[in-house]
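Presented sequentially are two complexes of chain A, the first with chain B as partner and the second with chain C.
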Partner chain A sequence: MKNIWGSFTGKKAGRTFILPAVIILLALTIFPFLFCIFLTFGKVSFLGGLQIHFTGLKNWMRLFGDERFYNALRITILITVIAVAIEYVLGLGLALLLNRGVKGSTFFRVLFLLPMMLTPIVVGYMGRMMFNPTRGPVNHVLPLLGLPAVAWLTEPKIVLYSVILTDIWQWTPFMILILFAGLQSIPPALLEAARVDGASRWELFREVVFPLLAPASIAAILLRIVEVLKIMDKIYILTGGGPGISSESMTLFGYSLGLRAFDLAYGATIAFSLFITVLVISIIFILMTRRFQEIGLE
Partner chain B sequence: MKVMSNERFLKLSTYILLIAWAVFVLFPIYWMLTTSFKSKLDVFLGPKYVPWVDFKPIMQWWIRMFTVERREVIPPLVSSAVVASISSLFAVLLGTMAAYGLTRFKFKLGPFGNRDILVWIVSQRMMPPIVIALALFLMFKVVNLLDTRLGMILIYTAFNLPIAAWMMRNFLSQIPISIEEAALVDGASRFQIFFRVVLPLTLPSLAATFLLCFIFAWNEFLFALILTYDQARTMPILIAAQHFQRGPQWWDISVLSTVAIAPVVIIALSLQRYFVKGLIPISK
Partner chain C sequence: MFKKVKKGRLIKEVVIVVLCAAVIVLGSLGSSQALAQKRFEGVEITVFTQSPPFIAKPVQMFRPDWEKKTGGKVRLITGPWAELYPKMFTSFAMGAKKYDIILFPAAWLADFASNGFLAPLDTFIAADTRIDWLDILPVYRERISTYAGTIYAITMDGDNHIFYYRRDAIENPEYQAKFKAKYGYDLAPPKTWAQVRDVAEFFNGWDWDGDGRKEYGVVEAMRKGDQAYWTFFSRSAAFTSIPGQPQGLFFDPETMKPLINDPGHVKALENWIEIIEFGVPGVINMDSGEIRTVYAVGEAAMAVDWGDIGQMADTSPESTVKGKVGYSILPGTTKTWDYVKKSWVDFPEVNSAPYLAFGGWLGAIDAKSDHVEAAYDFLSYLGSPENSYICVTTPETGFNPYRKSHFEKLAGWYGFGFVHPEDYLGAIKATIAHPNVQADLRIPGAARYFEALDAQLSIALAGEKTAKEALDDAAKEWEVITEDLGRESQLKNYRASLGLPIK
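Entry: the complex of A and B
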């Protein structure tokens, strides 16, 4: 026994520690990923056992001529941009409020982070109940405030904003989490020095706090962008992608075509185009923010 | 004098805004919870806000869900619990091993070092799940893992591994290695050190990581939607199906939803600060 254990020393032992994780990821993430790419050039049939026929670029030609693809891409990006922007502003504001250290701010912080832990399917149902046109509290309260009731889940132009509102409810906490931690790591001596120099509250925020927060801001926004681009579960419950396809995201589109219409190869093509979208948008965002990242690190 | 009133105004406005957001956060949860105690009439004539004032709360739906509807509800609940806990256990074990390897050894794979391996592991989490889910559907079909708990455990292990490795790396890099060095001098092997010294030392971190993985697996929807249909269905699938099966029965949906979020709420409220510590490496 002693001998077996003893052989795991030095360089070999290091490999033994990381190997299981690497194997799991290779088998269950990297291999399916490569398989997905392979599928985009084929056609799956189940007649007489599973068969995959090579069809060249047919799926890709179909994708680029598919109105529904551009619709889903536009909706996904629209939701992402609006939701992440609002979540960031709200998250930053709330993190600053929490950072004022008033009595009970720990309680508020714990409470504020709660929504992002909840099952997205349940959050979708919460949204549907809140937005219900006749029995929901939102449309009950709006007229009391002198505002018109809104067809939250049936009007094609509005459903997107219902989805965005629901996402804001669930994921602003993530911004709060990251930005609050960022605020906490700013050395108090720095703020004190600026204050002694006669900086006003606004100047303190604009010249010191916000630039120092840049790395945290960039990380939080990037992570959220990547997550929202994959959005599906809340839409699935809130609108099912409807009315029509007016709130269909890329993942939902891929699922509908891949499994409901059972064209797995085309579904894989849609899915892989989403992967490329995520990659391209992340790279653009990283390049755009590189300058600010450096300011933050100074 | 003016400074005083300024401070007071600042404090007051802080509280007002914090309380406003707290109401915004809590209301939908409150709404769902109370709906599970409303009669059909109170839902349809709604909105009714305050129990005992607006409407008379009833236990009917809760009782029915765990008696008449038991056969429908219990299997997905068990599936969720089994799949989430076992997969999280694996994810934490493998993730911790990887994190230990990456913080205690130097790796060289061509031009890539420890940092690159870590980034590679963590970046797996960025992959859109639909990309691998559709391919996994075919793979699982071939090896007969479709609609099995084993298949779900496997995929959730892979799904949670990146986050587990990331959290445990942050925790492990905070532990001084002098203790391990002492054990190494005493002739213990790396594995003995890992299992007998490191794991016991990091027990609270392991628990926090496990519970966060548990929450992610418990909440996961897309993989479960694509890879299960009957035997291995999890709670989110059962809840999502409610609407399609018989139209929105809001009281039933509310009962099931409350059951689904109860464990998560309890874990989140009691252990949040540990999650935060692990997710965000403190650079101070």
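Entry: the complex of A and C
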């Protein structure tokens, strides 16, 4: 009797086994993505079943003429650049400290990770309580230090920094985690050799540690850039995007128009424009850091 | 003797016959009643509404009783606020029949009814002896639950904005004397929004209740993305609504031209911006939930809200203002913009225009449901005078009074914890029954209009645009939305929502 499994080997078998995963991936990722692109050129109606009427570039023209879009884009990029930069610097400093094996470093390692384990909604509510103008602890402490109380969540020029502060508080631990792992993977022999060659502490950091940490740094920064560009939940709880539209991020803008106003096609256009933004910024960052990596390794 | 025996036997026989007949009649009545009560045996109806406790709680409360009496089953599905409209609309539009009953905000009725999604209820209501339809106050019975003259929903909750003030502050003789010296008129519960401004200024930034902490003038929901536009219309209604005119609040019912940037609305927004200075710090980032807490812990002299502040102030264990809160209809104005004549109209007395913000929650049935009769029976049971009274006097149901009988029986309100229920109910009833009461916007795309306005209001409140600039921009966006949705159909829907003949 012929063994039917006998010929079921090699590429044929491989393709068959991969097929379910491909189907699931197509159904859950690629199809919605393509559908989203399709929606950006149409108008949705549910009457008499789902209908999408082709409207050409109307949604895109509306987007490029919409002052709220440019405002949301500017705010999203500002939050991303400032928050990720500070998170990286703080994360690197704390990772270096922990790597030196200071007393109680295991305890601090766990302590530093706690904010990262909270959901953004919880962090948002905590921020809202902390920054409350009359009952919040932050404004309670500032006058004790001789500083004036601050309208953290109601002053358009300040509110962005309150959002950035909460993001830094929550996500600096992520930088610590990745960079600490990177530091741990540097061979001690390399550092020892540099020291024998007479390198100062600063030179040791600049010439050896920092370049060797580049792959971990790039991965951590890139992941955070992609995440912060999509920020919504914390802002939604902290300010709702206000006052005015001074803290409205791209995702919150898309949510407001797409799901609250139920303008699905325009919401999809905003969402897709955010995807393009994330893609462009990520490519620029990768290109910049590739050059930096080459310089560092030289 | 014989006669006696015969007579006695006769009486006995008659008694036995009567008893037997009674047993048979009562038995048959009982069995037919039991049959009638079990008429939905094997039927399962699905109810979709907001996540508990608010709004879903009454369904949870009365589901077991109804199931026991009728043999039917009620499946409750809930979702967060943001998911309600998309899920309801798509279920109806796609003919998915996912929900037999929806409990939904009144503002969406036109969206659903104009598309033929909801079952007409006129014949059910006419034949229903339990619902006591005429007990429901006219504005809910004739306007909120109807569309183009047909009843599509049963009112479950009577939402409207009322005005709150601190009695202990306003009735204080020392403060009354100081106020009169400063403003030249008597300190009393404000009758106009201009007086609200003065009273807010007077009570702002000092410890007027002697608790050792500063208090402030006013607190209102101003936060972007929440309830700010309802608070705004509660103010602008009096500036824009002439008694007897069909509508001056949203659109011109002849042309569908937005009225949102009329001088009346601009004046109202300017007044609203002005009082931020006299509000609890951070007021522009406060939603309804937060203002209720702030008011209940005694931080403000006045507030605008649905009936919830009244409930929280008197019944919450955290409240420090129990029994100290006064209630009234929303303040009015002495000058109102006439959108037809395009001029201001002076009122020797105050022009009030209370606003049915949000309009309450309604219960309606999917027109394609396989169990319309059972669904109606459950809605009728839930909204009956007795059960609805329990709902409006029970914490965390989210239901507020809307029937005459809700206002007449005070025992339940005292039981709820109210100190002055007659005043609280008086303010709500005066609002609902007011001849110039303004209903909320009830046309397709209402959420889009409100979202566009909400952003512009927030920009103006933040001081980034003037009131005029912000409302001009909102009007432009409203025109774009109207064009996008179709001016003719929008005009038709708008007129239908106002009860005007369709052109």
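Structure notes:
Following the convention adopted for this analysis, the second predicted complex is superposed on the first by the 273 of 298 C-alpha atoms of A that agree within 3 Å, B and C clash if a C-alpha of one lies under 4 Å from a C-alpha of the other, contacts with A are read in each partner's own complex, and residues count from 1 in each chain.
Throughout what follows, a contact is a pair of C-beta atoms (placed from the backbone, for glycine too) under 8 Å apart; a residue touches a chain by one contact, two chains touch by 3 or more.
All figures in this text were calculated on a predicted structure; none of them were measured in a lab.
In the overlay built on the shared chain, the residue A:Gly146 is in contact with neither chain B nor chain C.
Of the two partner chains, chain B and chain C are each touched by A:Leu50.
Judged by the touch definition given at the top, the superposed model places A:Gly198 against neither chain B nor chain C. By the touch criterion stated above, A:Gly244 is placed in contact with chain C alone, chain B being left untouched. Of the two partner chains, neither chain B nor chain C is touched by A:Gly65. Once chain A of one complex is fitted onto chain A of the other, the partner contacts of A:Leu259 extend to both chain B and chain C. Legend: residue contacts after superposition of the two complexes on their common chain; A:Pro156 is shown touching chain C, with no touch to chain B.
Once chain A of one complex is fitted onto chain A of the other, the partner contacts of A:Tyr236 extend to both chain B and chain C.
The wider contact with chain A, measured as residues touched, comes from B rather than the other of chain B and chain C. Taken together, the two complexes place residues 50, 236, 259 of chain A in contact with chain B and also with chain C.
Of all residues in chain C, only 82, 85-86, 89-90, 93-95, 115, 223-226, 280-285, 287, 299, 447-448, 450-452, 455, 458-465, 484 touch chain A in the complex they form. Interface of chain A with chain B (complex): residues 5-9, 11, 13-18, 20-22, 24-25, 27-29, 31-33, 35-36, 39, 44, 50, 93-94, 97-98, 100, 102, 105, 108, 110-115, 117-123, 125-130, 135-137, 140, 169, 177-178, 181, 185, 187, 226, 229-230, 232-233, 236-237, 250-251, 254-255, 258-259, 264, 267-268, 270-272, 274-275, 278, 282.
The residues of chain A lying in touch with chain C in their complex are 43, 46-50, 68, 132-134, 151, 153-154, 156, 236, 239-246, 256-257, 259-263.
Within the complex formed with chain A, the residues of chain B that make contact are 10-11, 14-15, 17-18, 21-22, 24-29, 31-32, 35, 43-47, 49, 94-95, 97-98, 100-102, 104-107, 117, 121, 124, 126-139, 141-142, 154-155, 157-158, 161-162, 165, 189-192, 194, 215, 218-219, 221-222, 225-226, 235-236, 239-240, 243, 248, 250, 253-254, 257, 260-261, 264-265, 267-269, 272, 276, 279-280, 282-284.
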